[in-house]
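As structure tokens, here come the structures.
Each of the next two complexes has chain A plus one other chain: chain B in the first, chain C in the second.
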Partner chain A sequence: MTDDKDVLRDVWFGRIPTCFTLYQDEITEREAEPYYLLLPRVSYLTLVTDKVKKHFQKVMRQEDISEIWFEYEGTPLKWHYPIGLLFDLLASSSALPWNITVHFKSFPEKDLLHCPSKDVIEAHFMSCVKEADALKHKSQVINEMQKKDHKQLWMGLQNDRFDQFWAINRKLMEYPAEENGFRYIPFRIYQTTTERPFIQKLFRPVSTDGQLHTLGDLLKEVCPSAVAPEVPNTVLPGEAKIEPTFEPSRIAGGRKASLAVKCWASQGPSRVFIARKKFHWFRTKLKQQVFRAGVQKFQL
Partner chain B sequence: MAEEQESTLLLPPSTAPEAEVPAEVSPETATPEPPSSAAVSPGTEEPVGDTKKKIDILLKAVGDTPIMKTKKWAVERTRTIQGLIDFIKKFLKLVASEQLFIYVNQSFAPSPDQEVGTLYECFGSDGKLVLHYCKSQAWG
Partner chain C sequence: MEEDEFFGEKTFQHYCAEFIKHSQKIGDGWEWRASKDCSDGYMCKTHFQVKNGTAMSHQGTSAHVQTFLPVEEAVDPPLDDFEVTETTTAAEVIKYEYHVLYSCSYQVPVLYFRASFLDGRPLALKDIWEGVHECYKMRLLQGPWDTITQQEHPILGQPFFVLHPCKTSEFLIPVLKNSRKINRNVNYITSWLSMVGPAVGLNLPLSYATAASQEEGNVSGQGKKRSLHSTFPVAEILGLFCIWLCPPCWTQHFLSLLSPLTGH
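Showing the complex of A and B:
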């Protein structure tokens, strides 16, 4: 994985410039200014918005405050989905900054899970990692780790510490030399065009005749509606263009794709499918977005 | 029989399941292929009606958690883990404030909004999905 290090860093340090605005019907003692923040794509909303909460609570009375929740254009944002996924799915075709509305009342029970503490986020994150390892290594690697290793993984994410995180995560990304890859690849495909929450299936990294599977193979197999190989330059819903023959690395439309392939692979929330030799991989165009938005406005 | 099970799962909180427990549900004749050994190979088309079919779930109690009289259930694929938790709590007559955790492979607790159909596809074996349930956190 060391030769992929710059990709890993790009994924980890991806940021989305966001403007938080208090919902107009919230009761305030004085005007609430919007709050700007660069959100880490790989993290979770309730993990990184303490400052947002404090900012708005300063102008509200205690009795008007209950559990915070976030919404974008009327859609409650699931905190247990990675930030980058939420953005790609809902807002990637809109101009930056990402405008999120903050609520402290009328928690939408049907749409959102409660997040009473950071422990809940940690439990969710660790469960995802464990589920991924169940697919990759029959849980052998994660189970062989000590509790402190699990803790280090979480602390790395919580404190935005790339090296701390990857010191442990690299073990979850290894496989025996005699194998060609993981047992199954942990992936989830999210689309706005369907009722289903996501597509998740068993998928081997290598075909029965020893060929390494590509991202294109995966999509063709589990999400055939997203690709139309017979028609040249087919434009997908959401204007993402994919070359019909899936030639290397040209999955364009990092911003515009409504098909957000979340490849988990125990990075936890990672949108980039990490390549190994014949695998495809694609980057988000995030860095350019940040510069265009005018970085001065945003804090890390 | 299967219908009875399904309607029990859909009952609102006010209707508590009584002592009359339907007998063990037998798997439907058209059981999906055991997914654990089936690697997805290119060209395999998934039957369109698949999402309508039910899957078999086997519930196992952990620790001193009460054991359910009926352990095997046919459940719709789109049923969520939260739906299953609510059902088990009602069935075991647990108080709403009591917690219940569900585990897959005795290793991870899926998110409450996860669909059992997806879990069955990825972690089922021998035509069923085995889930362990516990009143306390068993596998962290």
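Showing the complex of A and C:
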């Protein structure tokens, strides 16, 4: 995967400019200003919104505050889905910034999992990584790691440390030289049009006659309704070899990340408040990403 | 789909169907629900319980099947209607739903469950945890991935509590391997559910285990009755009960102790 380092970095550093607004029926002592934040696509809402929580709690009384939850256009947002997935699924066709409403009461018990602490997010994340390894390596690689390696994986995600994360994750992305790939590809396909939250099935990276499967093969087999029949120049990168990302979720998220950044840049950075010390750094990064998005075809 | 699957999805569905057949015979309330696109499905059961611990009588099965001893089970004649002996208010009645799904990642069955009051208010994890017997709590707390956690139901998309499946195959595979060695049919759904169910308030009448043995007797066509027949599943369940409570490193040890009982 070393020759894909650029793609790995672009996926990791993908950001979604978001505007958080307090729900109008929440009880406040004074007017609550919206809060702007760049959300990492690969992280989880409840992991990266401490500042959002603090900001709104400043204008509320303690007794009016219970578990925070987020909603977009009436749909409660599942914190256990990666942020990039939520955005791609619900808001990718709308103008940026992504407008999320913040709630502190009437937690929707039937729709959302509770998130009482960071430990719950860690447990969920590690459980996803473990399940992916069960598919890739029959859990051999993850079980052979020490507890401190698991911890490093989690801390890398929590603290946005690409190198720290990938130092461990690269072991989970390797396979023996004699094999042509993993045992099964860990993937999930999310669609808003189905009642079922996602499609997940066993799928081998290589066919019985030794041909490498493509993304198109995968889709044709597990989600035929998503594949336009016999149409040339479809949007799907059918020729791309399946290179699984570390997330057992969503396909083509990386490309959307670059497009999102591109659209946002055209609206101008002035609409987004960014932590001052990161602003200058971000502007440089933004220019790089916009340039790359323009010239590079994403492979996933 | 895959020949090398030990607990393939088709096997899972087959054993669920057998399990449900017996459930229908004794009125235990299990049924199969297919997903909207019918590509897969799950087994489910709903039962009601009064919060102070006494389960309400439901269609003939004794709710207090906490013992594994081979007693003569006095099965009440099945009631035509669901009779409720209720002296408490509606708010104290809890509705439990149990769903058995198949995990293709771990290739084992997984138990999902949720509980709510009759007015729809769901029970929190700490309330569920209070209902778990002490002896199970110790085992369940051994690792963050072996406990009960709240997760999204893979077919319904709603929050459920789940007993994590990653250690299931460790205790299930020896059961199947052993039974195949002695040519005895075991419904692994019965074995598995009788193990993990009680930890979360789900009990299986003993007749499920003897039903599996009887099916095999019919298939082989032999009239020969093994004298250990009624106690065999008991010994198996007892042994597995110990295995499940012990750390995985003790599993092999207990299995070797168990083999004289399970052999003939």
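Here is the rule we use: the second predicted complex is superposed on the first by the 230 of 300 C-alpha atoms of A that agree within 3 Å, B and C clash if a C-alpha of one lies under 4 Å from a C-alpha of the other, contacts with A are read in each partner's own complex, and residues count from 1 in each chain.
In the analysis below, a contact is a pair of C-beta atoms (placed from the backbone, for glycine too) under 8 Å apart; a residue touches a chain by one contact, two chains touch by 3 or more.
Computed from a prediction, not measured in an experiment: that's the story for all the values here.
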{"item": "Three-chain arrangement built on chain A, chain B and chain C clash or fit", "value": "clash"}
{"item": "Which of chain B and chain C A:S139 touches, first, second, both or neither", "value": "both"}
{"item": "Which of chain B and chain C A:S207 touches, first, second, both or neither", "value": "first"}
{"item": "Touched partner set for A:S127, first chain B, second chain C, both or neither", "value": "both"}
{"item": "Chain B versus chain C as contact partner of A:D217, first or second or both or neither", "value": "first"}
{"item": "Which superposed partner A:F162 touches (first chain B, second chain C, both, neither)", "value": "neither"}
{"item": "Chain B versus chain C as contact partner of A:K110, first or second or both or neither", "value": "second"}
{"item": "Overlapping segment of chain C (options 129-137, 219-227 or 255-263) - the one that collides with chain B in the superposed model", "value": "129-137"}
{"item": "Doubly contacted residues of chain A, that is, touched by chain B and again by chain C", "value": "78, 80, 113, 123-124, 126-127, 130-131, 134-135, 139, 196-198, 200-202"}
{"item": "Chain C-facing residues of chain A, complex", "value": "78, 80, 109-114, 119, 123-124, 126-127, 130-131, 134-135, 139, 186, 194-198, 200-202"}
{"item": "Chain A-touching residues of chain B, taken from the complex the two chains share", "value": "35-36, 38-42, 44, 104-105, 107-115, 118, 121-123, 140"}
{"item": "Chain B-touching residues of chain A, taken from the complex the two chains share", "value": "78, 80, 113, 123-124, 126-128, 130-131, 134-135, 139, 142-143, 184, 196-198, 200-204, 207-208, 217, 220-222"}
{"item": "Residue ranges of chain C touching chain A (in the complex, touch as defined)", "value": "1-2, 35-37, 104-106, 121-122, 124-125, 144-145, 149-152, 154-159, 164, 166"}
